[in-house]
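Shared between the two complexes below is chain A, which has chain B as its partner in the first and chain C in the second.
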Partner chain A sequence: MYELVVTLILISLGYFFGRRAERKHYKSIIAREKIMNSLPAMASRMPPQDGNYDQMLVSGSVVIANDYFKMFVAGLRNLFGGQMRSYETLLDRARREAVLRMKEKAKSLGAEMVFNVKYESSNISGQTKKKPPIIEVHAYGTALRKI
Partner chain B sequence: MFISNLEFMTGKKVIKHLGLVQGSSVRAKHAGRDIMAGLKNLFGGELKGYTELLQESREEATNRMIEQAQATGANAILNVRFSTSSITAGAAEIYVYGTAVILDGLD
Partner chain C sequence: MNYENPHIPEGINTSEEHPLKNFFILLIGSVVLIVTLSVVLAVSGGWLASKIPFSAENEIAGMYNVDEDVDDVNAPELTAYLQSLTDQISQAQNLPDEMKITAHYIDSDTVNAFATIGGHVFLFRGLLEKLPNENTLVTLLSHEIAHVKYRHPIKSLGSGILVGIAISTVTGSTNSDLLGSAGLLSSLKFGRDMEQQSDEEAMITLQALYGHLNGGTELFKIFQNMREEMDIDEPVELFSTHPLDEDRIANFTQVAKDKGWLEAGNVTPLPDFFEAALASSEYSDYDID
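Coming up: the complex of A and B.
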């Protein structure tokens, strides 16, 4: 009985705080993406051949955790199968945040564009099943600055 | 030391390839950070302590790679790749590798 109450409290806390945090995060991502649109990041491996460029390795990373409510919902979803939207938004947020951080670093170095962008994501919470997953996303690429 | 994850540098020629260089670092989470992260875990969101920890770890791995490249006499590392693997709960390994080269006209 006691355990059930604690779990319910955790789920409702996760629901309220998690939802608020996610909404806030998405708002800030969209606002910053608009600013950073002037600095394109590309997966292409061939930088423009005209002119001389300085090349620098830039990277951005973020560690993000799912809230308790989403973990609970995902657990239910696991029984029936299908799309797990709570994890999709988590990874989407992490990827976009990592790229934004990379671009911010490139901008502070005076670069014009970022080439050969690679993503790398890993679960760093270990094999514990009871805890919500902690995911790290790391984005890196080569920033080009015109000489 | 010049580092890039492209396979060449615009306007510079590779004189000599010196082979693969690598660096790695394994770091465990700090207990204080772990407790804060545990709280944050309930509500979701970014775990800043871990972000910093992994960044430091990545810098250390990169520095080790640079040391190795300097020992071979290279002045640049091209085609750099990162990889992360979680070893046990609470520790992660960061691995960086790339090709050490000597570029023309670079000090």
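Coming up: the complex of A and C.
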């Protein structure tokens, strides 16, 4: 019975704090993306041919922890299958944040754009069971600064 | 050439659906699933186990050496007395010949008694000390013997194994114990039904041996008093392996009323050596004290 109460408390704590953190994060991501649009990041491997550029490796990485609510919903989803919607926002936030950090780095180096952008994502919570997944997304690319 | 990152509308990679909606649908679905699964498995496991002949049950029980953990040899007179009552009750309950019940005495403060596979009934000193008369002792023994008569230990084992496998599979894939608890709770109902069946058989035995039910409810009052003394609340029935003490006492009265049996009558005292045997066997293993 106490187990039930503790689980319910953890779920509601996870829901309220996780959701609050998520809202705040999205607000910040959307605002910063607007500013960073001036510095495009491209997946293309072919750099512009119209001049000479300095090339620098830039990267941005972010670690986002799951919350108990998301983990619980995902666990239930495991039983039935289907889209794991509770984790979609988690990964979406991580990817966008990683690109933003990469662009911020590029901007500080005076670059105009970033080419050949790639993502890596990994789970860093280890193999232990019952641990909420903690994900790292790492974005990296070649920043180009006009000479 | 122009390079730009256009603004991408929100909601492409994520879903706009409220997370709580998803949560409740999944939660209700999985609870229904696990409860149904547990009930079906508990019933079928119990049914299958009841098909195991008692002789095969004895063989399973034979793998475990009972004598090592009981104190029968330290209290021979007491054990013989318990066994003679057990034999009388077995006869009163019309147990089949192959179903031999063995009463065991355990020198421990635990206030409890239980029956297990192979027809072994264990009685703890802690509970025996609290018994006011023979009628209450017979109620206790009849209740435990009835468990064997109705094959409750092997049925619980059978359903426990199946439900346990199902629960560990489900909790393994969901990483949450909550669903496991839901499954366990739904199988507790069967345990409570078994207790009630045994209580009723105990009443029939009391009536057959003494002609009245007096002394029977004293057994549940022992547990009730113990909880009061230790200031423990009785668990909510849904979470309990046994029916509530009050309900068990009320059930006695109800059955007595329905069948026209007497709740009053002369109680038989316990034999003189009973108390002395309990006291002398106490901690006899630790004479150094």
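Just so we're on the same page, the second predicted complex is superposed on the first by the 147 of 147 C-alpha atoms of A that agree within 3 Å, B and C clash if a C-alpha of one lies under 4 Å from a C-alpha of the other, contacts with A are read in each partner's own complex, and residues count from 1 in each chain.
Here, a contact is a pair of C-beta atoms (placed from the backbone, for glycine too) under 8 Å apart; a residue touches a chain by one contact, two chains touch by 3 or more.
Since this is a predicted model, take the numbers as computed values, not measurements.
So if we stack both complexes on chain A, do chain B and chain C clash, or do they fit?
In the superposition, chain B and chain C stay clear of each other.
Go through the superposed model and pick first if A:K34 touches only chain B, second if only chain C, both, or neither.
A:K34: touches chain C, not chain B.
So in the superposed three-chain picture, is A:L79 touching just chain B, just chain C, both, or none of them (first/second/both/neither)?
second
When the shared chain A is used to line up the two structures, what angle, as a multiple of 10 degrees, is there at the CA centre of chain A toward chain B and chain C?
110
Comparing chain C with chain B, which touches more residues belonging to chain A?
Of the two chains, more chain A residues are contacted by B.
Rounded to a whole Å, what is the shortest Cα gap between chain B and chain C in the overlaid structures?
Scanning every C-alpha pair, the shortest chain B to chain C distance is 14 Å.
I'd like to check the shared interface: which positions of chain A are touched by both chain B and chain C across the two complexes?
70
Using the touch definition up top, name the residues of chain C that touch chain A in the complex.
Result: residues 1, 3-5, 7, 10, 13-15, 17, 19-20, 22-23, 26-27, 29-30, 33, 170, 172-179, 181, 235-236, 239 of chain C touch chain A.
Inside the complex, what are the residues of chain B that reach chain A?
2-7, 9-11, 37, 40-48, 50-51, 54-55, 58, 80-86, 88-90, 92
Touching residues of chain A toward chain C in the complex: what are they?
Residues of chain A touching chain C: 1, 3-4, 7, 15, 19, 26, 30, 33-34, 36-37, 40-42, 48, 50, 69-73, 75-80, 83, 85-86, 88-89, 91-92, 113, 129-130.
In the complex of these two chains, what residues of chain A are touching chain B?
10, 13-14, 17-18, 21-22, 25, 45, 47, 49, 52-53, 55-57, 59, 61-68, 70, 90, 97, 115-116, 118, 120, 122-128, 131-132, 134, 136, 138, 140-142, 144
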